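Multiple structures follow.
Both of the next two complexes hold chain A, though its partner changes from chain B to chain C.
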Partner chain A sequence: MISNSDMRLPALDKLIPIGFLLGIVGLGAWALGLQQDKLPALQGYFFAWVFWLCMTLGCFVLVLLAHTLRSTWGLAILRLIESGAKLIPVMLLLYLPILLMGMHDIYPWSNPAVVAADKVLQHKSVYLNTSFFLVRLILFFGCWWLMATVLNKLSQKQDATQDWDLAQKRTNIAAPGILFFAITVTFGITDWIMSTDPHWFSTIYAVWFVVGQGLAVASFTTFIITLNCTRKPYCDIVNPKLTRDLGNLMFMFTMLWAYTSLSQYLIIWYGNLPEENTFYLNHTNGGFSAMGAFVVIAQFFIPFVLLLSPKVKRVPAMLCKMAAWIFVIRIIDVYWVVMPTFCTHGPRFLWTDAAAFVGVGGLWLALFAWNLKGKAVLPTFDTRLMEADHA
Partner chain B sequence: MSKPPQDRFIGGKQSYESIDRKIGRVVLDQKSHPPIWLITFAMAFLLVQVLGGAVLWLLYKGVGIWGINQPAGWGFDIINFVWWIGIGHAGTLISAVLLLMRQQWRNSINRFAEAMTIFAVMCAGMYPLLHTGRPWVAYWLMPIGPNTLGMWPQFRSPLVWDVFAVSTYMTVSALFWFVGLIPDFATLRDRAKNKIVQVVFGMLAMGWRGSVRHWLRYETAYLILAGLSTPLVLSVHSIVSFDFAVSIVPGWHTTIFPPYFVAGAIYAGFAMVLTLAIPMRAWYKLKDFITDKHIDWMAKVMLATGLIVFYGYILEVFFGWYSGNTYEIAMIKNRMTGPYAPFYWSLITCNGIVPQLLWIPKVRRCYPAIFVISQFVTIGMWLERFIIIPVSLHRDFLPSSWGMYIPSFWDIAMFVGTIGFFIMMMFLFVRFLPMINIFEMKELWQRQQQAEHADHADVGAGPVPAHDAAGAGHDKENAQ
Partner chain C sequence: MSHAPAAPKPHGLVAEFLGPGALIEAAKKTRAAGYKKIDAYSPFPVHGLAEAVEFEDPRLQWLIFIGGVVGALVGLGLQAWVSVVDYPVNVGGKPMLSLPAFVPVLFECTVLAASFAAVFGMLGLNGLPRPHHPVFSVPGFDRASQDRFFLVVEAVDPQYDSHETADFLQSLGAESVHEVEDEE
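Right, the complex of A and B next:
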């Protein structure tokens, strides 16, 4: 019998003080910046919020997938992504600065003066208006939080009771949950991110975002597991089969990201309609075109070639570097997607952007580690992971 | 300590010999075929004559015999092309993607589904070829050379991408299918009593003796082909979707099209696999190999892909409205309330509402119900292409150029004819080639035996010693 203490990862606890410190320093510095120049500080904060929201939702969607498919890769990362999914209400709280201080700055459609002068926005105002926006926000976050909490409880309970019916119970919630999440997240991303440019629309946008979330979380969790592959409990489960699965998971998301990116770009470029091509015109202004090209090379071609090689997927140290690389590029990618709407002359290098990102990220990581403090980082109800080790 | 309950993918009491016998019998004992085989085959054969007539008349008169017109320049020809290509997709998904994902339940249905892919792509290929009006100059689509032909294909056109995507798909699928058949050809060669049958299967087996080296080469080749086929699952139907999406016709030009088409293709494909597998396993008493579990999982995949398709419908309507674009809004209104509205609402019923029954486990165990739902899906996926293609074209930007699309007799004759061709080829396949992969079933059976054996040996004794996983590969030798 494996005891609970073997399943802890004390190394993760170090993240708690560091994260909180970064969070306080970052957000404090950002607040100073906000006093000086409100608009760019809010935009920078918005980018930080979007990135860490993507991490949270990515954790949640992988929890749903893991419970539906019940595969071994899902078991290896389950406790980590559950801990990330617990942060759904935190992300709602962290959205408050934007809602309270920057609604009109970030979302032009919320400003009645802008809407009065714009026929298309008047048409959209049935959907894009502040009160309905808030209703949707609270509804979506509330339902996701509820679902994440129930699923977490059920999987913790199975560790205690070893009752296999609970696995089926989770599948029964998670499978329709994916459907519910797909629909709500589509509207959510349309509301929170797409509507920063209220005229523009793309039907694949939400899918593109969710795939990016999956990629970010796959790389984040792979990084944690491979970095600690010599420590307990991961040293018992890290073997070529598991690293190959994790590598393939990142590979799959890399491919899907490229696929959705290319689909959206090709269709808009080819059609070249003035109401759609604004997105790519904005996103190739000034330095953004070089940044976009860099993301394509760094987030598709490089991982694609490297992850095809069996060696990268077999050696944990190499996979760890690969995962870190993908995670860093994800940050640049989200910046490239979110920021051009605000700064139309190319990427900017503002210390408030960095402070907001570090602040929100520090808090997120600290709370992520806090959720796992003193707890098992692997589920003990399913022994398939340990068996794979002997095979 | 606990383990998830094991899934069994082979039923009944089996041995290597019984697996060989039960699957091989269908091919080697020609008397084992039920009368329904001949009846269905004869009907399908008749329909092939209809196809022949329709094609001959088309070649003589030209595409004017079809219902296409201005503004609806694409009609049954392109609807049916997309429909057939979509049906083929399940074959590639099952054989390649599920192989890479190490899903063992693919093993009894892959051969069957791959055959389906090849015949469906054949049906699909006929349409654009004949739609060109001059199929005898189809080689103009190839980049043969500006010096010899005096022209060059327009490589910015997705129609040219289609030529390459579909022909690659056909080639790789056929190769994959044939390579997978080689060890089974050898089994049939060894079991055949008739001299001619022995010679024919002997030639097809290409000298297979089942040596370690043969297996090693085989596994490598099969894995490479699976790797090549996997992107094809995504790319072929994505490129088909580009045929529409890169244009600026409302109803065609939307960025969700590529994944939405791919999901639709897999959806239609699984409906067709179920349509064929449910009666076949009853007629040929193969329920031990295509088990209830298989049907259940296929129904689940069908449900999942159906939900993605339904998600696409919701997005189309929502973003049609959200765009604020007059033409997009008019297109959505025209679909819902225009002259073709009954087709739109039938589409929503067939593809969106009826398959929701598959959420209920009881329905997934009721084979007549699954069969009927599969028919709904097949019809629904056809209607989807009907809604996308002529219904988007018949009313475009200028009301003065609006029109209607009504298929002609020849459209319907050719469509029915390709259905006949598909059924005829499938029935010939079932009769003359092993419809279930014999050696993969033996491998799966052996794994299942060992897993069960291990379970009995170590009840409650912690992790299972893993001699089984390592042994499975080597024992293939003995299996031959």
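Right, the complex of A and C next:
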């Protein structure tokens, strides 16, 4: 029998004080910046919120996937992604600064003065109006929070009771849950991110985002596991089969990201219609052009070629570097997608952007580690992970 | 091959095991004893078996990679040649050499050529199709596709000795050990 204390990862606890410190310092500095210059500070905060929202929802969607598939890679990362999915209500709270202070600045369609002068927005106002927006926001976050909480409870309960019916119960929730999430997140991403440029539309935009979320979380969890592969409990489960699975998971999301990116680009480029191509015109202004090209190379070509190699997927230290690389490029990619709507002259280097990102991120990481403090980072109900080594 | 009626050359010794665990154990011990030319047969893919017999052959993965690269270049070249040289058509005022438009076909060609390289490379490197193999003469070898697990030490191994190796395999807990002859 495996004792619970062997399943903890105390190394993760270090994130708690560091994360809270970064969170307080970052958000404090950002608040000062907000006093000085409100608009750019809010935009920077919005970018930070979007990135860490993507991490949270990525964790949630992988939880749904793990409970549906019941795969061994899903077991390896289950407690980590459950911990991230717990932060859904936190992300709703962290949305408040934008809702309370920057609604008109971030979402032009919410400003009656703008709508009054804009025929297109008048037609869109049936859907894009502040009260309906808030209803959807509360509804989506509420349903996801409820689902994540129930699934987490059921999987913790199975560790305690070893009752295998609970696994089926989770699958019964998670499998239709994926469908529900796919539909709601499409509206969610459209509302919170796409509507920052309310004239523009793309039907694959939310899929593109969800794939990016999956990629970010796959790299984040792979990084944690491979970085701690010599520590308990990961030293018992990290073997070439698991690292190959995790590597292939990142590889799959990398390809899917390229697929959705190209699909959106190709259709808009081919049609070259004025109401669609504004997105890529914005996103190639000034330095954004080079930044976009860099993301294509750094987030597709480099990981694609490296993750083809069996060696990279076999050696944990190499996979760890690969995961860190992908995670960092994800940050740049989200910046490239979100920011050009606000700063039309190319990427800017504002300390408030960095402060907001570090602040929200520090808080996120601290709470992520807090959720796992003193708890097992691997589920004990399923022993396949432990057995994989000796099979 | 000479026409002299030489004594039949042995192909190797075939040891039969009851389970995948026993097979992996035996394969590891055989490798540890210094044998290099060994092979294993099992009714289903056994995790860790390739590592246990220390099977290493990077040729196939390179073949697949080269297949993919060739497919990509051919796909790109074909489209570029057709749209720029052979049959240029002005589509929406776009340049003749419009790379984004070529990507879907380029991708498909890459996948097609890489999968052909994988399938036919695998068959070729395995020497397949091959209707007969010396190990088939082991009594009950048909159970290698049902419920038995076989380890083969080939005669070309420098350490191979009909008696000593047979005793060694027997000592690993083999159900039976047979020596099979190479066929013309």
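List of remarks:
Basically, the second predicted complex is superposed on the first by the 390 of 391 C-alpha atoms of A that agree within 3 Å, B and C clash if a C-alpha of one lies under 4 Å from a C-alpha of the other, contacts with A are read in each partner's own complex, and residues count from 1 in each chain.
Basically, a contact is a pair of C-beta atoms (placed from the backbone, for glycine too) under 8 Å apart; a residue touches a chain by one contact, two chains touch by 3 or more.
In this text, all values refer to a predicted model and were calculated from it rather than measured experimentally.
The superposition on chain A brings chain B into a clash with chain C. Once the two complexes are overlaid on the shared chain, A:I138 sits clear of chain B and of chain C alike. Contact with chain B, but none with chain C, is seen for A:S202 once the two complexes are overlaid on the shared chain. By the touch criterion defined above, A:L21 reaches neither chain B nor chain C. In the superposed model, more residues of chain A are touched by B than by the other of chain B and chain C.
Look at A:L266: by the touch rule set out above, it reaches both chain B and chain C. Shared-chain residue A:Y127: touches chain B; no touch with chain C. Touch criterion met: A:P310 reaches chain C, while chain B stays clear of it.
When the two complexes are superposed on chain A, the residues of chain A that touch both chain B and chain C are 266, 270, 391. Contacts from chain A toward chain B in the complex involve residues 1-2, 70, 119-120, 123-124, 127, 162, 164, 167, 176, 179, 182-183, 186, 190, 199, 201-205, 207, 259-260, 263-264, 266-268, 270-271, 273, 275, 381-384, 386-387, 390-391. Of all residues in chain B, those touching chain A in their complex are 1-5, 234, 238, 242, 245-248, 253-259, 307, 311, 314-316, 319, 322-325, 359, 462-466, 469-470.
Those residues of chain A whose C-beta lies close enough to touch chain C in the complex are 240-241, 262, 265-266, 269-270, 272, 308, 310, 388, 391. Contact residues on chain C toward chain A in their complex (touch as defined above): 47-48, 51, 61, 65, 92, 100-101, 103-104.
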